[in-house]
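Listed after this line are the structures, all set down as structure tokens.
Each of the two complexes below includes subunit A, the first together with subunit B, the second together with subunit C.
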Partner chain A sequence: MSKFTQNFTAPSHGVELRSEALSLIDSLPVPTRRSERWKYSSVSKLANSTLSTHKGGAVGLEGWPEEINPNPIPELDAYRVVFRNGVYEPTLSDLPIADGIVCMPLSSISEDLARTIFNNEYHKTEWVGALNAAYFQDGLYLHVSKNIKLDRSIVVHHLTDGENVANFPRHYVRIEEGGEADVVVWSNATEKSSGMCNSLFEASVAPNAQLFLEKITNEAGDIYSLAHDFITQEANSRFKAHTFTIKGSWVRNELSIVSVGKGTDSIFNGAYMPCGSEHVDNHTTMDHTFPDGTSSELYRGIMYGKSTGVFNGKVFVRPDAQRTNAFQQNTNIVADRGASINAKPELEIYADDVKCAHGCTVGQFDLEALFYLQSRGLDENAARTLLVEAFIADVLSSVPSKELSDEIKRLYSERHLWS
Partner chain B sequence: MMGQTEEEKLIDEVTAKSYEFGFTTDIDSDTIPPGLNEDVIRTISAKKDEPQWLLDWRLEAFRIWSEMEEPDWAHVNYPKLDLQAISYYSAPKKKVELGSLDEVDPELLKTMEKLGISIEEQKRLSGVAVDFVMDSVSVATSFKEKLGELGVIFCSLGEAIQEHPDLVRKYLGTVVPQRDNYYAALNSAVFTDGSFCYIPKGVRCPMELSTYFRINQAGTGQFERTLVIADEGSYVSYLEGCTAPQRDENQLHAAVVEIISMDEAEVKYSTVQNWYPGDAKGVGGVFNFVTKRGICHRAAKISWTQVETGSAVTWKYPSCILKGDDSIGEFFSVAVTNNMQQADTGTKMIHLGKRTRSTIISKGISSGYSQNSYRGLVQIHPGAENARNFSVCDSLLMTDTCGAHTFPYIEVKNPTAQVEHEATTSKIGEDQIFYCQQRGIEEEEAIGLIVKGYAKEVLNKLPMEFAVEAQKLLTISLEGSVG
Partner chain C sequence: MLKIKNLHAKVGDNEILKGLNLEVGPGEVHAIMGPNGSGKSTLAAVLAGREAYEVTEGEVELDGVNLLDLEATERAREGVFLAFQYPIEIPGVSNLNFMKAAINGKRSHCGLDPIKPKEFLAKVKECSSLVELDGRLRDRSVNEGFSGGEKKRNEIFQMAMLEPKLAVLDETDSGLDIDALRVVSKGVNKMRSKDRSFIVITHYQRLLNHIVPDFVHVLSDGKIVKSGGKELALELDEKGYDWLK
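Moving on to the complex of A and B:
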């Protein structure tokens, strides 16, 4: 067993997946910058650290840190599934109870069910994936039956609280034909925290079903946040994702969407505004394998201080995926000296009757717009703030619930001192 | 009969003998046995009567190369080459001269006719003996005189090593060092010849320098090395390649091109590449693994224009290092792939100086079962204040079995930079073809028309001599690819 994993203990559920993954951890290489997928994001410091998985059980409200609200979006009337250091907090959670909805912590599902749902193969190809598959702790299990629409959003709140902790959340969502759900995954961390949060989110969306996913990272402390989301879309299904990085010392969000039926629609947008020495990496893959699919992607980022931003957007159009319409846009602003962005929008197209385009820009604030606002009496700071708000607004405005987008905006404005 | 056997015996003896002594002493033979080791490099160097420093430089390159691995990151698939099976030196052999054009492959002639190449030129290109009254010879002589008057040096690299060793020594390997990449290292170790061009300060070269009208007609070989030096305030337009189909037995071409554009100098480098792409099933064809790079000093400019239609596998990224303030890099490319061809091509723009600007226009056209990728890097370093880049990569798909890919890398480390990249991929417009057909234009001709219009932005950048032929070449390359 490697030094890195010596203090990790795995819960007793999901044995089959764990044993397979455990054998792979040592054989899969720790990613380095030499590997194309990790060219701009180094995990060597993480791999050389000594972390431990959390040992204790649930702490309830008494053990919960005061500065963090267990309900991260107080204005939003939503269900809640709360985890602290990977451990389910039943007293802080509020699960939906309704016909056609099964919602529970992943640790409670039967081994038989586990066998049928854990078919993601990420652990076979990546060290990071093998770690999650071997040590995953708990997470959301959501099953929405045919034609059932979940009446409120489900907020999955994960808190990292402690030094040198390793967290491995794992979530699974299945929406049956015609069903609908909205899931918010919110990652938090206390100021003194350090370590890693290595999470995996799997969802499969049946024909004509719809899934909305909002991912928010707002982690104080010094956390390596590695999130992998795998979405499988069946015919005529709809998926809409939003990824916001508000705060996080080292964040990597990976979103992979694959269409396995005709006429799927995928929308995925994101925003990032790292400050200081923060590192934010957004990797997205859209794999069109069936005809008549559409996808639209918009990621916007502003790099402040000495931060680094990474954007990698892959769009595949497989040979049979005729009449695909794929659009991707990535817009960046490098705001300060010392900040940098590495962008790599990619298109791989193997079908001919397609419309695919991507655009990628790196620039600064529009000087003319700044001047215009100043000529109307705004000082430079206020003018700049207004432009930032407008820049991010295109991403924020497509968030399905207003309460959530307001909360994200509030946090951004608090952090970036918007008026 | 008896005599012949005697002769055969003798030949056997002689050949056996030469092996006894190993090939290092075998100065007189034209071709050295296949394989690559230090002795082979010593032999090449000795045959070319090179100075010691160049031999040392080659040997160092070989040592570096031996420790390198063949890159596999490009979006191409081909059987790995056995580099030990190649002979690394063969002196230009006299080609068998044909009596008349009637003996030339009619297929080849048909293509040349379509390209509009004159009968005399056709004869020259297909190796038919030509009259010595032929124009190009006198043209070449007058060219040489005129260039000499201006102090322009334009000769083979081998000649330059003998005649201008200081210039070669000063600049060789400064833009593409030996350890740059696997094929550049190989080239550095074994390059046989190439072109050398030096434009003195303030001179505007009055004519397009080209390998087409090359004064020195020595075969360029498969490991060609070109060195272009434009001194302060000078200008040169350099043309490489030829629109005529090139039947070449060499499978691997690993060339290196280095350009040095000094303060306020401008170099325009145009390439038309039409090596043998293999047959429709993908058998045969040339592997074109080329390293081309230029460095721009203050207010200098390098402009790369390429029309790539040939080769089975192309792996080529003409790049600009924009080192000096206010320097400019440009890249205009049309890459056509048909049948089983694979192309992974693009550019690198490295912005180091202040107010450096670069433009990238890349047009890919894929047809048949081919794979066509654009791979580009735009890098803005921290000191590159107010750098600008604008990139457009368009791909046109002609069939549902081919692929078009875009892999741009954008790395920005300066807050004043402005970088724009856009790419589109789409099918050739059926409505456009229909419109043309409705007006009485045949389908194939219509496709040619649309493609020419699509690639016009790049074709316009080519020197006149090339532009017309290149347009025809595009049409020919896409023959039989009605989608």
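Moving on to the complex of A and C:
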């Protein structure tokens, strides 16, 4: 056992996956900058730290820190599944109970079921993935039956609270044919917290079904936030994801979508505005393996202060994926001299009858536009605010609920002192 | 009203204005003509407070306020308006939100509460009809996808919304066809009043048939080399600028 994992305790559920992952951890290298996937996102400081998984149980409202609302989007009428340091908080949660919906903590599902649900191979290929699979604590299990539409969003709330905490949330969602659901995954951390939140979200969307996923990272403290989302889409299914990084000292979001049936539709958008010495990394993969699929990706970021960023967008169009229509755009503004971003689109197209467009830009604030606004009497802050709001408006406007997009906008504006 | 004394300005190491003097009284319309590169647009940029232009000498006062001490924002709030030669397209910023922010910026500068929505809308309606800017354009993002003429009409719309003391029109006639020129000029003429002054920068006499100036000045090599009444523009149209050098 390595020094890094010595204080991690593996819960007793999900044995098969765990034992496989445990046997692999030591053979998988800790990623270094020599690996292309991790070239601009170093985890060496993390790998040399000493973290522990949380030992106690649920704390309820009494043990919950005052600075964080257990319900992160007060205006949104939603179900809630709450985890503090990876531990499920039943009294702060409100799960849907309805015909055709099975929703429970992942730790409660049977071993037989646990054996069959996860299909991603992240634990076989990446050290980070093996860590999650070996030590995952709890998470959302959601099963939506055929033609059932979940009436409200489910908010999955992760809180990291404490020093040198290792969190391993793991979530699973299955939407059967014609079913629909919207899941919000919201990650918070208290001011004094430190450690890691290493989460995995796997979903599979059946023919003609629909899944919306909104991911928001708003972590104070000093947290390595590593999220891996793995989505499988069957024929004519629809998936829409939004990834917003509001705050976080080190954030890496990996989103991987595989289309395994004809006519899938995938939309995934994101925004980030790091400041100080924050690091934000978005790695996305869209894999078209069947014909007639469409995908549309829009990520926008503004880099402030001395922040660093990474955007890597892979799009594969396999030989059978004829008539694929794939669009990707990544637009970045480097607002301050000390900030930087490495942006890289990667398109691999093996089918001949396809429409693929991509654009990737890194620029500065448009000084002409700024002067134009100021010459009409807007002060510099108001002028910049208008430009920033306009810049991320296309990402915010496609968020499915107004309550959520308003809250995200409010948090951004609070953080960046928009007028 | 506006007093410019011995104004010198440069961009980088390139001195462009070399001792310009100009007085504009309340309600007056002054046309500034002159060959390419004489410093006309530099004068407009310096008045509006564009940062790339460095004033090395001289004074600019508007109603006793030294404009050169102020940022572009504050100049606008003091009543300076520049109609751009090339208005900027700003995708995603709604024209009306922009105008509301601009009006409220000015109002807070004057110690007033933000404009009431009803009052704002009435003003929008009035000012857009002045330049025949239809609702479709008015409600869009700032200048996004506008034709050359539509952009210039939008400039005059903004001018009407902001009711400046001093409006500087920088080659507002460039890129306009005859009909658009007429509409824009009509808008400007309706805005003329005893306490609003205009500086109209243009290459062509044609605009001055519509916006009839009280004075015409010829700018050459960074200085005003000749001033006269509206008939000077006609003379320039006939003879060109060479005889003044």
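In this text, the second predicted complex is superposed on the first by the 419 of 419 C-alpha atoms of A that agree within 3 Å, B and C clash if a C-alpha of one lies under 4 Å from a C-alpha of the other, contacts with A are read in each partner's own complex, and residues count from 1 in each chain.
Operating definition for what follows: contacts are C-beta pairs under 8 Å (C-beta built on N, C-alpha and C of every residue); 3 or more make two chains touch, one makes a residue touch a chain.
Just so we're clear, the structure is a prediction, and the values are computed from it rather than from any experiment.
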| item | value |
| --- | --- |
| Which superposed partner A:G377 touches (first subunit B, second subunit C, both, neither) | second |
| Touched partner set for A:E36, first subunit B, second subunit C, both or neither | first |
| Subunit A: partner with more touched residues, subunit B or subunit C | B |
| Contacts of A:T361 with subunit B and subunit C, given as first, second, both or neither | first |
| Touching partner for A:V260 - first (subunit B), second (subunit C), both, neither | neither |
| First, second, both or neither for A:P345, with subunit B first and subunit C second | first |
| Partner chain in contact with A:M104 - subunit B first, subunit C second, else both or neither | neither |
| Residues of subunit A at both interfaces, subunit B in one complex, subunit C in the other | none |
| Of subunit A, residues touching subunit B in the complex | 36, 319, 322, 332, 334-364 |
| Contacting residues of subunit B [partner subunit A, same complex] | 73, 75, 380, 382, 395, 397-427, 483 |
| Contacting residues of subunit C [partner subunit A, same complex] | 48-51, 71-73, 75-77, 81-82, 84, 87-88, 90-93, 97-99, 101-103, 105-106, 109, 141-142, 158, 162 |
| Of all residues in subunit A, those that touch subunit C in their complex | 366, 368-369, 371-380, 382-383, 386-387, 389-391, 393-394 |
